[in-house]
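Beneath this line is the structure, given in C-alpha cells, with notes to follow.
Letters are used for the chains, namely A, B, C and D, taken in the order the chains are written, and counting of residues starts over at 1 for each.
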Amino acid sequence: MTYPNGKLSEEKVFKDPVHRYVHVRDKLIWDLIGTSEFQRLRRIRQLGTTYLTFHGAEHSRFNHSLGVYEIIRRIIDDVFREREHWNQDERLLCLCAALLHDLGHGPFSHSFEKVFHLDHEDFTQAIILGDTEVNHVLRRMGDDFPKKVAEVIAKTYENKLVVSLISSQIDADRMDYLQRDAYYTGVSYGHFDMERILRVMRPREDQVVIKHSGMHAVEDYIMSRYQMYWQIYFHPVTRSAEVILTKILHRAKYLHQEYYSFKQEPVHFYSLFEEEISLRDYLRLDESVIMFYFQAWQDEEDTILAELCRRFLDRNLFKYIEFNPNSQMKMWMELTRLFEKAGIDPDYYLVVDSSSDLPYDFYRPGEEEERLPIHLLMPNGELRELSRESEIVESISGKKRTDHKLYFPQDLIRNLPDSCKEKEKILQLLEQVDH
Amino acid sequence: MTYPNGKLSEEKVFKDPVHRYVHVRDKLIWDLIGTSEFQRLRRIRQLGTTYLTFHGAEHSRFNHSLGVYEIIRRIIDDVFREREHWNQDERLLCLCAALLHDLGHGPFSHSFEKVFHLDHEDFTQAIILGDTEVNHVLRRMGDDFPKKVAEVIAKTYENKLVVSLISSQIDADRMDYLQRDAYYTGVSYGHFDMERILRVMRPREDQVVIKHSGMHAVEDYIMSRYQMYWQIYFHPVTRSAEVILTKILHRAKYLHQEYYSFKQEPVHFYSLFEEEISLRDYLRLDESVIMFYFQAWQDEEDTILAELCRRFLDRNLFKYIEFNPNSQMKMWMELTRLFEKAGIDPDYYLVVDSSSDLPYDFYRPGEEEERLPIHLLMPNGELRELSRESEIVESISGKKRTDHKLYFPQDLIRNLPDSCKEKEKILQLLEQVDH
Amino acid sequence: MTYPNGKLSEEKVFKDPVHRYVHVRDKLIWDLIGTSEFQRLRRIRQLGTTYLTFHGAEHSRFNHSLGVYEIIRRIIDDVFREREHWNQDERLLCLCAALLHDLGHGPFSHSFEKVFHLDHEDFTQAIILGDTEVNHVLRRMGDDFPKKVAEVIAKTYENKLVVSLISSQIDADRMDYLQRDAYYTGVSYGHFDMERILRVMRPREDQVVIKHSGMHAVEDYIMSRYQMYWQIYFHPVTRSAEVILTKILHRAKYLHQEYYSFKQEPVHFYSLFEEEISLRDYLRLDESVIMFYFQAWQDEEDTILAELCRRFLDRNLFKYIEFNPNSQMKMWMELTRLFEKAGIDPDYYLVVDSSSDLPYDFYRPGEEEERLPIHLLMPNGELRELSRESEIVESISGKKRTDHKLYFPQDLIRNLPDSCKEKEKILQLLEQVDH
Amino acid sequence: MTYPNGKLSEEKVFKDPVHRYVHVRDKLIWDLIGTSEFQRLRRIRQLGTTYLTFHGAEHSRFNHSLGVYEIIRRIIDDVFREREHWNQDERLLCLCAALLHDLGHGPFSHSFEKVFHLDHEDFTQAIILGDTEVNHVLRRMGDDFPKKVAEVIAKTYENKLVVSLISSQIDADRMDYLQRDAYYTGVSYGHFDMERILRVMRPREDQVVIKHSGMHAVEDYIMSRYQMYWQIYFHPVTRSAEVILTKILHRAKYLHQEYYSFKQEPVHFYSLFEEEISLRDYLRLDESVIMFYFQAWQDEEDTILAELCRRFLDRNLFKYIEFNPNSQMKMWMELTRLFEKAGIDPDYYLVVDSSSDLPYDFYRPGEEEERLPIHLLMPNGELRELSRESEIVESISGKKRTDHKLYFPQDLIRNLPDSCKEKEKILQLLEQVDH
C-alpha cells in the first residue's frame, strides 16, 4: 500500500479538550497514530512529576502530539494554502514531523536523560529511521521520506520555513503545550489568542512571520509562556519530586554496580545502567514500568532506595529553602558535614536544584543555543524583530532568570533523636524554611 | 496527636480544573490525603479504558475524590451551616466519607470486579477499618470514628441526611464526576449549574432536598447525566477496550490454572486467581502494575494472551455491530460455529457486551436497588418527588435503556486466507458493520 | 458597482464573544453591514425587557444577525462545499438571508407587535424590497436578487434546502440565539456542541438533515432550547416588565385618542396609534426613542402613564401569582371588582399573562403553524424523523406547555390607606404570593 | 425604617456572567440598587463608543457597579473577616462605596466631560449628598453615613485601608472592569486569576497588601491591564467614534450659541451648553436621550451637524493615520490649509487624538497624580513594593506610552470632484493610510 495523497473515505476526529476536535483526513496520519511506537506515548506523561503538584496534570505526550499536529494542520489548510512562499508539497511532511516530534521521549525524560546521559531527540531519529512500525508507514510515501521527516525534526531540513513551523520561538509545539498544560493543571495562565496568531502567520522564504497587526497577541503569548515556566514548569514542589526520582535512579544504578542483590531485579534497567541501551529496550520503557519497579523497591533492604521509593509513591516530598550559590556555599558545606555526622547521606538527602529560563531572545549568532527571533511583517512589507516593536517584549528580552533551591527531608531531620547533637544545628541552619 | 477541631495554621489549597480550588482547613483531612492508601488513587484512572476513546480522560480517582470532598465542604460550610436540621458535629464525618468514598477502587475496577468477583465497596470498608494509615489517622478522632465513616459510605449510618449527601440521585459524587469527566474528555455535555444546585440544597431530617426554585437546574443535571452515560460511559469503543481487557484477565487466569509456564509469572495475580486476595496484596495492585504485565505478556508464547495484550497496548480494538439478543441469537450461534472452524476462538474473539442505564427513578420500595428519589421543597413547605413536578424528568423516569453490541476482531477475520471457506460467510454475516 | 463574486482584498473580522470571530470575505456582505438599516439593529435589544431580569442581557439584534450569518457561512464554506445536493450558486443568497432575517424588528418587538398589530416579518420584506440602502446594495447582484432574499426569509423560495438552513427546528437562527442569550445572561443552559452539529449537517434535495452519529448533540440542543425558554425567555420577571411596557403603550394610545394634551407629544407614535405607519417612520423607531419618551412621560399629569413609566425605568415591577384560568376566573373577577372599588384601574394593574412553548414537534401537516421536523440520516441512507430515534426527544415531542400568571402592583395595594375596606380583601386573595 | 445590620429574610442573587452570581444579603444594599439614580446606570454604557468597534461591548455601568460590589463583598466576607487590622464595622460602608463609586457617570462620559468641562466624580458626590433617593436610603444608617460613603469614594476617608480597597492600582474597580470588558468584547486578554488575588489580599493598617506567594497572579493582572488598554480602551476605531461624538457636541453647542434654529431643539442640553447644569437635569441625561437627539439631528439643515450625526449612527467613521506631533506638525498645518480650501471644515474633519497610559507606577510623591503602589507582604512580615520583586513589572514601571493619530473622513475627500485641485494633494499627504 502506498499513499501519496491518500485520503480517508470519511474524516476521523478525536475529541480534544484544547482544540475541541483534532481532524485527520490523510490515511498516512491515521496509520502513524495507530503504530505501537506512537501509542506508547499514552504511557508517558507530558509533564513528568508535575502531577504531584497539580493533580490535574496527568495528561500524556500522546495528547500533546495530536495537538501539535492539529495546529500545523490548521496553519497549512486554513492559512497558508495558496499563499506565496508556501509549497503545498511540503504539507504531509510537516504534518508527520508535527505528529512525531516527541516520539523519542522516555518516561520522566528530564530525570532519565540527566542520570543516564540520554537524549530523547536521538531516539526520535532512531525510531523514525530504524526498523519500526512508524518507519514502515512513512516509507510508503517514498524511500527518503522518513529521512526528510527526521531532518525537519532535527532542524537540518533545507526548507527553513518548514523547520520554523515545528521549532521556533512561536511554533506549534509551544502553542500547544502552553494551552494544554494550563488546561490540565487548571491555572489561568496559559491563555492567549492562538486563533488570532494562526490567522496572522505568513509564510516567507525561510521562516514563518507574523503580521504586525497580531503583535499584541504575540506579546500575550510570550507573557503566558513566561508565567507558565515559573508557575508550573519550575514549580519548587515539582522539582522536589524530580530530585527524589533522580536520586532513586542514582541509587539503583549504584546498587547494581555494587552487585547488590535486589528482591526485584532491575531487568529493564540493565542496559540503561551500562549506558548502551538498544532501541528495542528503550521502547519497552514507559512510566508504568518505572512505577512498577518503584513500588516493588519499597520493600528492598537497602533503606535509601526503599525510603526514596516510598517518598515518591506516597508524595512525601523534600522541603526546600532558597539557596544562593554565591553567598551560601559555606552553609551548604557545613550542612553536608552535619548530615553525614547525623547519619543522613547528603548525596541523597541534601540537594541543590537550579532552574533557569530565557523568556524570549533576539538573535545572537554563534551562541550556545541560537534561537530564531520572531519577526513581524510590517504594513510596508519590511520585517522587524519583535523586541524592536514591542516594549513589553523588549523589557524581558535576553534576560535569563535563574532560581536555586536546596532540598532536604524535614521529617527525617525532625525524627532524629534529640540526643543527636547535630539535630538542633541543622534545624537552625534551615530555619528559613517557609513552606 | 488528636484533633477534634484541629485546624491547619494556614489553609492549604489544591488547584483543581473543575472547582478552581480545593480548600483544606482541617488537619484531619490533610493527613488523610497524605496516607499511602489515598495517594494510591493517583495510580488508578477514574474512567478505566475510556482514555482509549477520549484521549483526555487520563485523570485519576485521586482527583475525583478531592472534588467530592470539596463539594461537600461547600455545601456544609456555605449552605448548611446554621440551618435547622443540620448538626455541625457531623461536619468532619461527612468530609471524611466524601474524601474516602472510592478508596477501595482497584485498577480498571469494572473489569476486575466482574472477572474476579470482587466488590470495591468491600475494600473501602476494609481499608477504613483495617490496619492502615487511613485507619490510624481516623482513629485520632475517636475509636469509633472509622466505623462511623465506613457506615456513612455503606449507607447504614443512622443519620440519613448525612448518607444522602454522599449517596443519592443527586449527590456530591455524581455532581463531581459528571463535570470532571466532561472536562477531561472535552465534551460539551456534563455542564449544569452546580453552584445553583448547591445554593438551593436544604437539609431535612432524613435527606437533602432541593428548593423548588432550583428545579430547572436539577433537570439540567439529570439531562447531563443521561448524555454522559450514553456519550461517554457506555461509548462502544470504550467497551471494546474493556472487552479485550476482560478477556486478557480470563486468559491469564485460565493459563495459570492450566499450569502454563509464563515468561513473566503473574505474581501479583496469584491470590486474585484463587479469589482469596488479602488487603495488603490488593493495595499493591494499581494500573502501573497491570500495564507492566500486559507489556511483558506481549512476548508470551500463548498467542491468545500475547495477541490480546498487544491489541490493548496498541489500541487495536475489536469492531462491533448492533446486536439484538432476541432476534439474532441464531446468527450469533452460527458465527460461533464459524469462528471455531476458522480457528478463531469465539470465547475470546466473539463477545456480546450490554450496557443499560436508568436515568432517574422515583421510589420503588423493595426493588433490587432502591434509589432514593429527589424531593423538591415547595414554597408551602411540602415535599414533592421531582418527576411529579418536572415534565422532562417525568418523561424519562423509570425507563431503563439497554444497548447490546457484538464485538469481534475485524482484522483477524480479514487476514484469514481466502482459502478458508468460513471467511466469506463470516464477513457476510457481519456486513452490517458501519464503523 | 456590481459584485457577483466580489471579494474583499483582505478578509474582515469582527470579534465575537460567541463565535470568537465573524469572518467577512464578500464585499456584498460588508456593504450590507454598513447600511443604515442594518446599523439600526444596534439600537434594538435582542431580548427586549430581559435585561431587567438578567442584567447582562443588553446585547442587540445587530450581534445576533452577525452570528447567524457566521453560522451559515461555516456550514456552507466548511461543510457543504462540494457536497452533492448543494449548489454553490446559492451561497451569497443564503448569506444575505441569514444576515438580514431579523432586519424588520422594531423596539421591544413582542409588545409593540401585540399592541399595534404589526408584524416584523412584513417590515423585513418591506426593507429588502423598498427604497432602502439595503435594497440598493442587494440590487447590484441582479434586479431579482432582493426578491430572492426576501423569499428565502419568507420561506417561499423554491429551493427548500436553502429555506431550511435559515428556518427550521434546528436552524442557524436558533443555534445562534440560544448560545448568545446564554452567554450574555450568564446562565449555564444554552450550551450544546454546535461545532459537532455543523459537522454532521448534510444537504439533501429539500432540507438539511443530520447524520445519525450526531443525534446526541441534537438532543442536547433541544434540551438546551427547552431550558432557555422556561428559564430565560418566559421568566416571570421579564414578563412583568413586558406587561408594564404594554400597558404604557396602551395608555399613551388611549390618551392620544382622547385628545389628552401631552407635555411631550408622542410625535414618533402618531402613525403607530393610527395603525398606518410608513416604512420611513418605522425605521426611525428604535429603543432610544422609546426610552426617551418613557423618561419624558414620567412627568405627565396623567398619573397612570407617569406611574407606569416610572415603574419601567426604575424597575419597580409588578408582582405575580400563579393563575389557573380554569379554576380561578371567579377570583379574578372578584379582584377586578375590588381593584375598581379601591381606585386602582384593573385594566392597567391586574393583568393575566400567558406563555407557552412546544419544545419540538414532529410533522403535523395542515396545522396552524407547520413545523418542519428534524430528520436523521441513517447509516443506510434512509431518513428518520428525530423523535422516532431519540427517546428523550420523543418524550417531549408535541407537548405544549403553558403557564399563566396574574400580575399586580403589590406596593400600590400595600400603600392603600387601611381605611380602604377592599385592601385587606385584596391582600387576602393574593396571599399566595411567594416572590 | 432604619437598618444597621438589617438582613434580608432571604438572600437575593443576580445572575452575573463574570462573577456567576452577585449576592445581596443586606437590606441597605438591596434598597440602594432599587433607587432611580442607580437604575439610571442601566442606560449608560460601560465602554462608551467601544460597541462600534467590538459589537459585544454593549454592557452598562449598572453591571459593572454590581460587579465591584460583589468583589468587595467577597474580600470582606470571605477573606478579611476576623483578620487583624480589619474592622468589621466598616463593612457596609465599603459595600456602599463599591456599589456607588460610578454613580455620577453621565452618557459617553469621556467625551461629555471634555466638551462641557464636567467631572463625573463631582456628580457622584452630589448624588450621594443631595436630595436623592440614594441619599435617603443611606441616611437610614445615620445622618453622617452619606458623607462617609462620599469620602471613601473621594479618597479622603480617614481609614486608608478602606480607601485602598476601592481605589488603588489593584482595586475591585479595576479587577471587575478588566474581566467584564474582556467578557463582553470577547477578547482573550483580561484573564487573570482573581480568585487567587482575593485569597492573598491582606488588610494592613493603611492599605491592602498582597501576600508574596500571589505575586505572579498580580503580574498577570498588570499585563492583562496593559493589554486591555491598548487593545480595547485605546482602540483607534473607538477613538474615531469618540472624535465624531465630540465634534457633534461642539457643533450643537456652537449652533446654539449662534442662535441657530434647530428642528429638534436641544432642550436637554441647554444647561450643559451654558455649563451650569443642575443635578436634576444631569440625572435626566442618559444615552437614550443622546441617541434620540442624534437621530433627530440627522435631518437638521446644518450640514455639518446632520452629516456627523449620520456618521455616528450609521458607523461611518473617520479613517486615521499615525501622527507624530514632533515631526509632522508641518504636514498637519498644510492639510488644514488644504481642507479649508477644499471646503471641508478642518475644525470638525481633521482631528488629532492622543491616548497615553502608565501601566504601573511606583510611588512618586508630589506628582500630578499620585498613584499608590502595590505592596507585597514578604514571608518575614516586611512589605516590599511590587516592582522591586517582579522583573516583569519592573520592566514596565513608570513608563508612559503615548499614541497619536490623525483622523479624517476619507469618503468625503474621495468624493471631492476631481476638478478640486486640493483633492490629489490631500490624498497624497494621507497616502500612508493603511486601514
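Operating definition for what follows: contacts are C-beta pairs under 8 Å (C-beta built on N, C-alpha and C of every residue); 3 or more make two chains touch, one makes a residue touch a chain.
If you're wondering where the values come from, they're calculated on a predicted model, not measured in any experiment.
What's the call on subunit C versus subunit D, same or different interface residues, using the half cut on shared numbers?
same
Determine which of the two chain pairs, A-C or B-C, is joined by the larger number of C-beta pairs in contact.
Of A-C and B-C, it is B-C that has more C-beta pairs in contact.
Counting only Cα atoms for the centres, state how far subunit C is from subunit D in Å.
Chain centroid spacing, subunit C to subunit D, equals 32 Å.
Return the distance between the CA-based centres of subunit A and subunit C, expressed in whole Å.
Inter-chain centre distance comes to 51 Å.
Using mean CA coordinates as chain centres, what's the gap between subunit B and subunit C in Å?
44
Could you list which residues of subunit C touch at least two other chains?
Those would be 20, 187.
For the complex, give me every residue of subunit C touching subunit D.
Touch list, subunit C to subunit D: 14-18, 20, 34-36, 39-40, 42-43, 51, 54-56, 58-60, 62-63, 66, 183-187, 284, 286-292, 295, 310, 313-316.
Mind listing the subunit D positions that touch subunit B in their complex?
Within the complex, subunit D contacts subunit B at residues 13, 20-21, 195, 199.
For the complex, give me every residue of subunit B touching subunit C.
Its residues touching subunit C are 187-189, 191-193, 196, 216, 219-220, 223, 226-227, 230-231, 379, 391-392, 395-396, 399, 401, 434.
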